[in-house]
Every structure is written in C-alpha cells, then in structure tokens.
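Take a look at the structures listed below.
The same chain A turns up in both complexes below, where it pairs with chain B and then with chain C.
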Partner chain A sequence: MWNAVSGDTKWNDPENTICISSGPLGGTPGYPGGGKSIVTSISPLTGVPIDSNVGGYFGPYKKFSGFDVIQVDGKAKTDTIIFIDGIESKIKIFEAKDLPTDSYELSDVLTRHFDEDKPVNVSVVTAGPGAEHTFFGCLNFSWWDAGRKRVRYKQAGRGGIGTVFADKKVKAIVARYGAISMKSNNPADLDALKLVTKSHAKEIKELDPKQNRMSLVGTTHLVPIMNDHDCLPVHNFKFGSHPESHVIGEEVYEHIFDKGFDGCWRGCTVACSHGVKDFSPFTGPYRGKKVFVDGPEYETVAGCGSSLGIFDAHTILEINFYCDAYGLDTISVGTSIAFVMECFENNLITTDHTDGMDLSFGNRFNALKIIHQMAKGEGFGAIVGKGIRNMKKIFAKDFGADMAFMQDIGMESKGLEFSEYITKESLAQQGGYGLALKGPQHDEAWLIFLDMVHNFMPTFEDKAEALHWFPMFRTWFGLCGLCKLPWNDIVPEDNKNTFEPAKVAKHLGWYADFFSAVTGRKSGPEDLLAMSEGVYNFQRVFNLKMGFGTREHDTVPYRAVGPVTVEEYESRQKRYDDQLKEKYDMDIREMSSKDKVAALRQKREEQYEQLKDAVYARRGWTQNGIPTVKTVKRLGIDFPEVMEVLKKNGVE
Partner chain B sequence: MIEVDEKQMQWSENMTIASLLMTLDNVEFCAVVRLNGRLVSSPKFTETPIEDNSKIQLLPLVAGG
Partner chain C sequence: MKQIHLKEIKAISYEKAEIKKGYTDQSLRINLDATDITIHPIEEKVKNTFIGGKG
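So, the complex of A and B:
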C-alpha cells in the first residue's frame, strides 16, 4: 500500500489499493483461529489505511494457490470477477453479467458455479449494493458449510473497504483450492506444528465450555456482562445499561442459534460463527422468504440493538441479515443510526429532513427503512451512509444543526464510527479507542476489564504501558493471519497464578512455538512484540504521509469521556458527585447539575490529554504523536521515504 | 454444599457471591461468575445470594469483543 499510494491519494482514486494477506500462519487447519486474513485499503471514512481482520476460507485458498498477498489496483470499466484457480493453476478474469446484486445470493451462485461438485473448494469475496452507495461498505468472505450444505460468510467490516471494492467495479474475487492438510502451509517443522496445534485446540475444547461458551453462544455472552458493568451502549452511548437487555443477549440467542459446527476456518475449536436458519424477514426484498442469518455477534447486537433502543432479537437478526447481504458494516450502520436518532430526539433534524420518518430511539421499522435506502443510495439513508463525520457537516450546513453538540455526541474518531463499548469510566479504553491507528475499533486495545473492573493500572504510566503492549500483541495476530480470541478470551486454569496474568504467558509461548514451527525462525514470546512494533510505527508514519497521524487526530467525542448532558449526569448522579467530591476535592453543594457537568468535563478532558502525553512517551513518539528518529531507527524502519515524511513534519 | 469450579464447598446461610469470593485465593480476575448457568457480574456480587446446592463457575475475563 505504501508503494501504491501517494500522500494525495483519495479512497476512490485508481491507485488506491486493496490488499488481502493471510500472513505466514494463516491457513493452518485445526489451530484455533488459524485461518484469518487481514484486508487493507485507504478508507473512504478516514483517508488513512484501514485494516480489517476476517475469517472464511479465501485467505488460505489464495495463499495455497501461490499468493501470499493479493493487491487490487486500478478500476475496471465494467463489473468484473477475478478467479484464482489453485487447482488448475490459472487466473481468469470475467465480465460479470446478469448476476444477483446482493452478497447473500451472489456468494451462493458463484460458489456453485465455480465448483458444482465440490463447493467446499471455493471461497468468494463480495461486497453488495450497500457498499456501492455508502462509505462503510464491508466485504463478505465465504466458506462452504459442509454440514448444512450452504454458503456462510464472515465480514471484513470496518472502514469501508467494500466501498473501495465496489468503486473498482470488482463484483467478486473467487479462490478455488483442493484438499487441505497441515502440510498445505508448508511448515518447517510439521511435528512441532502438530504438537502445538493439538495442545491449544485441546485446551480450548476443555475450557471454553467452562468459561465464555463461545462455541455455543459466540460473543453474545458479552451483552449481559457489559450491561451489568454499565458498558453496553444504550441510546447512542448515552447510557451503559438497560433493563430489557436480557432479551437480546446469550439468554435468547443460545436458543435461536442453529446447532452444528460453526468454525469460520477448518477445525477451529472456538467455532463462534453462529447463525440462525429459516429466518423470515418482515421487510425488504427477502420479506416472507426463509433465509440463513450469519450472526449476530456482540457488536451487532449492541450497535444495531441497544444503541438504537431496539430490544428485539428478531429485528437485530433482520438488520444483521440485510447489512451482510447489502455489504454494510453493522458497527458503522448501528453507530450512525444511533447518532441520527439522538439528533432527531433533540430536534437537530426533523421529519422534514428524514423523508417523513420518525427516528426516535426504538423505531425498528424506520431503522430498517434507512438500511434499505442505503442499499439503493436513496433518500435520507443516502445521507446516513456517508458516516457520522460527513453527517455532522451536512446537518450543520443544510439543516442548521448545532455543530458543537453534534461533535460531543457523534461517536466517531478519525472519521470511523466507534465500536460498541461505553468508555466513560475507563480512561485506558478512551485511549484504546482514541489512540488506535485506524480509528475507534476495539481490536487494537480492549482494556475495560483490566482498567475499570480490575483496576490493575491506576497511574497514567500503567495505562500507557498497557496501551503499548496490548495493541502490539493484537497487531501480531493480524500480521500472522490469526484470530485474536484464543489468546485471552479463553485462558488456562492456572493463568491467575502467573506473573502477569493479563498477558496469558502460556498462550504466548504456544504462539511463539507455532511461529517457529511454520517459519523455521526460532522465536520466543518476547519476539512477538518486536515483530509488531515496527509495523505499528510504520502504520503511524503512513497516517502522517496521508496528512493525519498527529495529536489533534487522536481526539474522541466527549460522549466517550463523560456525561454530555444533564440527563446523562443525573442518571448516574451519585457516581459523578462522589468523583467531584472525593477524587477532585470539590465543594459541590451549591452547584447545579449543569455546573457539575462542566466541572467534570474540565477534569476528564485534562486527564485524557495527560494520557496522550504518557502514551506518546512510552511509544517513543514526540508530544505531537509522531515517532521520533530514534524510535524508527531502533525498529529498523528508517527507510529514506519514512525519514522524509518525518522531516516534512518537523521531526529530524 | 455448593460446587465452585467443580470443587465441593460448604454452603452457609446468607452466602452471597461477594462473601464466597472473600474466602477464595487468586480471584482478582474474577469479574463475572456463572451461577447455575446465569451470568452475574461484579457490580451485582454483593446483592446476589447463593442458594444451597448451587453450581458456580468463576470466569477469568481478561479481554473481550
């Protein structure tokens, strides 16, 4: 990507590129989470590189066909299908004609077309009409579910890579490959690979049923947990819990999910990609038909459920289904509609602007109507599909809406919509979102438990240390073609007795063994961080090259930091009053709620800036958030072009 | 008797999740338990009673999402 784009490249310029890689380890059957791909492009939402981690069989099939990475540049004149045939060692490019427009049908048609006898040999990457008409289009990566005899898919959801895909007029990329074994990835030490794979898979199989039960409920167990910790987004992140949350969590989906193996890669024992069969939508083109819904995961439940005030498992399934079929990122869809609903309830926008739609929280019919509009690029949905950062400008300019209030409640940073966690009481997670390279996505740093619940990082320096090592480990999984869940979502029974339980040392040892066995490069747990740190800093410099990547871009809306409104403050009054009195030693007896909101805001915003100082220092960056010359030299990324970008930004 | 992580323990009257955890070692990471199959999080530990013959699993949550 660095070589493909210049600092002036926009997302829809021909030179923007989509890269898909499954790293050195991706495609190892049986290793938990061992079949992921990382997809990158310049994002339509942020203008900087976005990376999205996704399951499905495409990455491994593409790799075994001879390509570690594929890079898609340019723009086709007509809709195009790229076919990578690893069985016949050929690449073919077709003009796409008379094919279904949505991903749900298209994935199925192409899978059966390219290997009718053995559909398990085929994996398809598609977007959809929503990707064509919004800035947050996703990519669907398919696999053939042999048990259910149907196509399933997972999403590279974040940042609008599907939008770039559609803009290039790529209708689909198809990979076909034959029999897979542990030898397919050509490991340097097959016996060592078998040993470590067996050890990790066995542990997951034994412990997942005793811990999060992800093989049964996916990530929906997080709904009740986040709700009880006041971290579940409700009504556009205004509140962190709701009495009706029990009807949209694992308590319900455990009974709705179709039983069977749900791994998005062969032999994965986490197998958390659950779905619902024979679902009958009540709106849209599939109304009344029976479909299979892949999902929902926690993020979709929270973003398209509680944050919209929709406490109805059926509606969440329908939103999930149509977002996937249309090629829309459920997180950006949910967070964007939640923003619109709060604007509507505060009269910043009215039915005059929304095609007559009542967009109060909880209005499930109109939430779905917006999604159908997004797929067609029509009506108010076309505006919502531009994302929150663009909506703020449109609402202010065209509708006269209050920009300052929208800045406070619009849950985006760097142009990317927030994923689904309330961060008001976790300063470290505020940094986890605000300091993430690509924007506020939790896969870089997820520190809510370690910070807010366990209170393991009381000082700024402690938080900065965690905001150093946690993103580095998570980056490593993306680089290597792995899923992050088996690292620390299922932990050894004796983990609590180890020196640093948060790092799950036993698993780091296994990952180092896994890396050594496949690559032949003997590595220990300490080497994993070094692999990531160079790439992580290079990506920060890449942001700088694109005109971003400095302190001012690491801001978050105040809604992520503290209560914006009196209503919000008074909903948790005791908590906030106690903090003003005890933590900040303030006499609040004569203060109105409005005064208290302002006082708390001043303190919390100061803290966030102090956190930035501490994190930049720990990462070896200037106080403007730019890697220093010493840092890039230490990491071996002091290429002439990198030094030139630093110099242009005053770092020599 | 109650069962905690597959080990038998004596049950006592007025037992709550919070009071149970105070009797156990190395529970710093325990922010959530499964009580008879139902998830209960730390803000509710004090108010959640444990009945006799209950089955409890301590969930060592580190990450999520």
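So, the complex of A and C:
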C-alpha cells in the first residue's frame, strides 16, 4: 500500500488500495483463532492507514488459492464482482446486475451462486448500502455454517474500509477453495504443528468453561465485568455503570443465542461467534420477517446499548442486524449516535436539525431510524454517517453548537470513533487509545483489563513499558493471520503466579512454537516482538507520510481522561475528592464542584502528556512522536522512502 | 432465490503457487481502472521484514 499511495492520496482517490492478507499461520484448522484476515486501506475517517482484523474463511481460501495478499485498486465504472476460484485456478471479474442491495441477502445469494453443491467452499466479502452513504462502512466476511446450513459473517468493522470498497463499485470479492487440512499450509514441521495445536485447543476447551464461557456467551461476558469496574460506557461515556446493565449482558444473551458450533474458523475452540435465529425486527425492510442475527458482541452491546441508554436486548439485536446488513461498523454507529444524543440533551442540536426526531438517551426507535437513514444517505442520518469529527464541524458551522464542549465529549481520536471502554481511571488505556496508530480501537492496546481488573501495572513505568510491549505484540497476531482472544482472554490456571502474568508466558511459548512449526524460522517467545516492532514503526512512518503521525495527533477528548461536567464529577464525587486530597494534596474545602472539575482536569491532562513522553522514549521515538533514525535502522525498515519521510519531518 | 445477472468481463487462468511453510510468495492485484488482473512475486526480504504484512 505504501507504494500505491502518495502523501496526498485521499480515501476516494483511485490509487487508494484495499489489501487483504492472512499471514503465514492463517488457515490452520483446529488452532484456536487460526483463520483471521487483516484488511487495510486509507481510511475515510482518519486519512491514514486503517487495519481491521476479521474472521470468516476468506483469508485462508484466498491464500490456498495461491495468494498471500490481494490488492484491489482503481475504480470500476459499474457494479463489479471479483471471483478467485482456487479450485479451477481462475480469476474472473464480472459486471453485476440485479443484486440484492444488502449484505445479508447478497452473501447468501453469491455463496449459492458460486458453488451451489458445496457452499462450504465459498467465502464472500461484501459491504452494503450503508457503506455507500457513510464514512464508516464495514466489510462482512462470510463462511458457511454447515450445522445450520446458512451463511454467517464477521465484520472488518473499523475505519470505513467498506466505504472504500463501495466507492470502488466493488459489490463482492468471492473466494472458492476445497478441502483444508493441517497440511494445507505445507508446514515445516507437521508433527510440531499438530502438537502445539492440540495443546492450545485442549487448554481452551478445559478452561474457557471455568473462566469466560466464551463458547457459550461470546464476549458478552464482558458486560457485567466492565459494569462492575465502572468501565461500561453509559450515556456517551459519561458514566461507567448502570443498574439495568444485567438485561443486556451475558445473563440474557446466554439464553437467546442459538445453540451449536459458532467458530468463525474451522475447529476453533473459543467459538465465540454466536447468533440469534428466528429474530423478527420491528422496523425497516425486514420488519416482521425472521432473520438470523450474527452477534451481538460486547462492543455492539456497549456501543449501541448502554452508551445510548438503550437497555433492551431486542433493540441491540435489531441494531446489530441492520448494521451488518447495511455494512455499517457498530462501534462507530454507536459512538456517533451517543455523541448526537448528548448534543441533543444539551440543546446543541434540536429537533429543527434532526428531522424532528427526539434523540434523548434511550430513544430506541429514533436510534434505529438514524440507521435506516444512513443506509439511504438521507436526512439527519446522512450527517451522523460522516462520523464525529465531521459532525463537530457541521454542528458548529451550521447549527452554532459550542465547539469546545463538543471537543470534550466527542469520543473520537484521529477521526476514528472510540471503541467501548471507559478510560477515566486507567491512564494506561488512555494511552492505549490515544497512542494507537489507527485511532482508538482496543485491538491495538487493550490494557484496561490488565490495568483496572488485574492491577498488573501499578507504576507509571509499568504503564509506559506496557504501552511499548502490548501494541507491538498485538500487531503480531494480525501479521500472522491469527485472533488474539486465545492468547490472553483465557489463561493457564497458574498464570497469576508467573513473573509477568499480563504477557501469559505459556501462551507466548506456544505461539513461538506455532510460528516455528509452520515457517521453519526457529523462534522463541522473545523473537515474536521483534517481528512486529518493525511493522508497527513502519505504520507510524506511514501516518507521517500521510501528513499525520506526530504528537499533536495522539490526543484524546477530555471525556476519556476525566469528568467533563459537574454532573459527571458529582456522580463519582468521593472518588474524585479523595484523589484531589490524597493524590494531589489539595485543600478542597472551599472549592465548588466546578472548581474541582477544573483542578482535576489540569492534573490529569499533565499526567497524559507525561505518559506520552515516557512512551515515546520507550518506543525509540522523538518527543514529537516520530521514530528516530536509530530506531528504524535497528528494525531494518530504513528503506530510502522511509528515510526521506523522516528527513522531511526534521528527523535525520 | 433472487435471480442475479453476472457478465464476465475479464478472466485469466493461472498456475497455482505451491504453498511453502505458510507462504505462497505471490500477491494478486486487481486494478479496476484497467480491469486488469496481475500476479506478482513477493520478495524474501519483504516477507522477512513484514512477516504476513498488513498490505
């Protein structure tokens, strides 16, 4: 992609490219999470490369058809389908007419069209009408669910790659391939691969029922945990818990999810891709019909449920269904609508601007109405579909809204909407979001659990070290074609007694064995980090090439750091008062709540800047957040083009 | 089932690369401006530096 785009390339220029890669380990049946793809493009929301990690069978089918990576660039004039047929060794491009408009039906129709007798041989990548009309379109990656005899899908959700896909007039990319076994990757050491696969799969099978029960409840187990730790977004990240959260968490979804095998990859023992059958929407084109809903996951429950004040499992399912069918990222949809609702409740926008819709928190009908508008590119939904960064500009310019307040409450960084964790009490996760290359998505640095739930990083230095190690290592999974959940969501029973429990040493050993067995490059756990550190730094320089990638862009809205309003402060008054008194040694007896908000803000913002200093130093970057020449040389990414970008930015 | 209409506008046959140790060492490029399908080798150095790459 670096070669395809210039520093001036915009997301909708023909040279923007969509790449899909599945890494050397991707496509290993039976290895938990062993079939992921990573998708990249220049994002319509951020203007820099976005990457999105996704399940489904497409990545492995594409690789076994003969390609480590597929790159799509240019723009078609008419609706187009790309077909990679690994069985017949043919690649075809079609002009398409009379296709279903939504991804739900399109995935099904194309799967059956391209292999009616053996639909399991087909995986389809599609977007949808929402992707055409918003900046946060997602891609659906399908697989055939043999047990239920239906098409299922997972989403490459973040950053609007579906929007780029739709802009290129690509309706679908289809891959077809036949039988897969452990030999398909032609591993260097088949016996070692079988051993490590069996060991990891067995451990997950034994321990998941005792730990997270993800094979039963998916990631909805996080709802009560986050609620208990005051980290579940409620009302646009104002609060971190709600008494009604139990009606949208695992307690409910366990009973709604359809029973059966739910792996988005073959033989995965985490098998967390649950869904709901015979669901009947009460709005939109599928109103009254029975559909299968793929999901929801934690992010959708929190983003489209609690953050909107919607404590109703049925509505969350309906939002989930339509977001997928329309090709919309549930995280950006949820976080954007939450922002709109807070603006509405504060009279920054009124019914004059919202097509008459009351958008108070909890208004589920109008939340759904916005989503249906997004699919058509109509009304107020068309504005919401441009994302928070653009909405702030529109609301200020056209509606006279207070920009400073919107900057504080608009949960975006680098133009990407936040995923669904309250970070006010976790400095490490503030950095995890603010310093993430692509914007605030937890897959790059999900430290909240380690910081808040396990308290694995009590000191400032621990946090800076974590913000070096974790983003680098988490990058490794995407590069190799793997899912991260089996690494640290389910951990060995004696893990807490190990030297650095957060890193899950036993699993690092298995991943090193896995990598060695497939590629033949003998690697130990300590080698894995070096593999991804080069790529991570390369992506940072890529951001720089695109006109970003410096300190000023690593900011987060104050809502992510501390209480913006008196209402928020007073909702957790004892906590904040104690901090001012004990941590900062202040005499607060004469201070109003407003004064306290300001005092706390000053301290917390200083702390965040200090964190940046420490993390940049640890990563081998300048204090402006740019990798030094020494760093890029050490990592072997000192290509002439990289050195040129550094030089242009004053780093020599 | 809904009737769809697909008109083939470009097709190639290719020799499928043998997979070695997790890699095919090939990339596929679809250029929609020219309706062009091309297959390119992936260099060893790129593979070693970027592992599976992100694109």
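Going forward, the second predicted complex is superposed on the first by the 648 of 652 C-alpha atoms of A that agree within 3 Å, B and C clash if a C-alpha of one lies under 4 Å from a C-alpha of the other, contacts with A are read in each partner's own complex, and residues count from 1 in each chain.
Everything that follows uses one rule, which is that a contact is a pair of C-beta atoms (placed from the backbone, for glycine too) under 8 Å apart; a residue touches a chain by one contact, two chains touch by 3 or more.
The structure displayed is predicted, hence computed values, not measured ones.
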Chain C versus chain B on the shared chain A, clash or fit after superposition: fit
Comparing the two partners chain B and chain C, which touches a greater set of residues in chain A: C
First, second, both or neither for A:448, with chain B first and chain C second: first
Contacts of A:68 with chain B and chain C, given as first, second, both or neither: second
First (chain B), second (chain C), both or neither touched by A:520: second
Which of chain B and chain C A:225 touches, first, second, both or neither: first
Vertex chain A angle, Cα centres of chain C and chain B, expressed to the nearest 10 degrees: 130
Minimum Cα separation, chain C to chain B, after superposition on A (Å): 21
Residues of chain A at both interfaces, chain B in one complex, chain C in the other: none
Footprint of chain A on chain C - complex, ascending: 1-35, 37, 39, 42, 49-55
Parts of chain A lying in touch with chain B, wherever the complex brings them together: 210-212, 219, 221-222, 224-225, 228-230, 250, 298-299, 419, 421, 442-443, 446, 448-450, 453-454, 456, 484, 487-489, 491, 495-497, 501-502, 504
Touching residues on chain B, where the partner in the complex is chain A: 5, 26-29, 31-32, 39-44, 57, 59-65
Residue ranges of chain A touching chain C (in the complex, touch as defined): 1, 14, 17-26, 38-41, 49, 51, 62-76, 80-82, 84, 86, 88-100, 105, 109-110, 112-113, 168-170, 184-188, 476, 478-481, 518-520, 531-532, 534-535, 538-539, 636-637
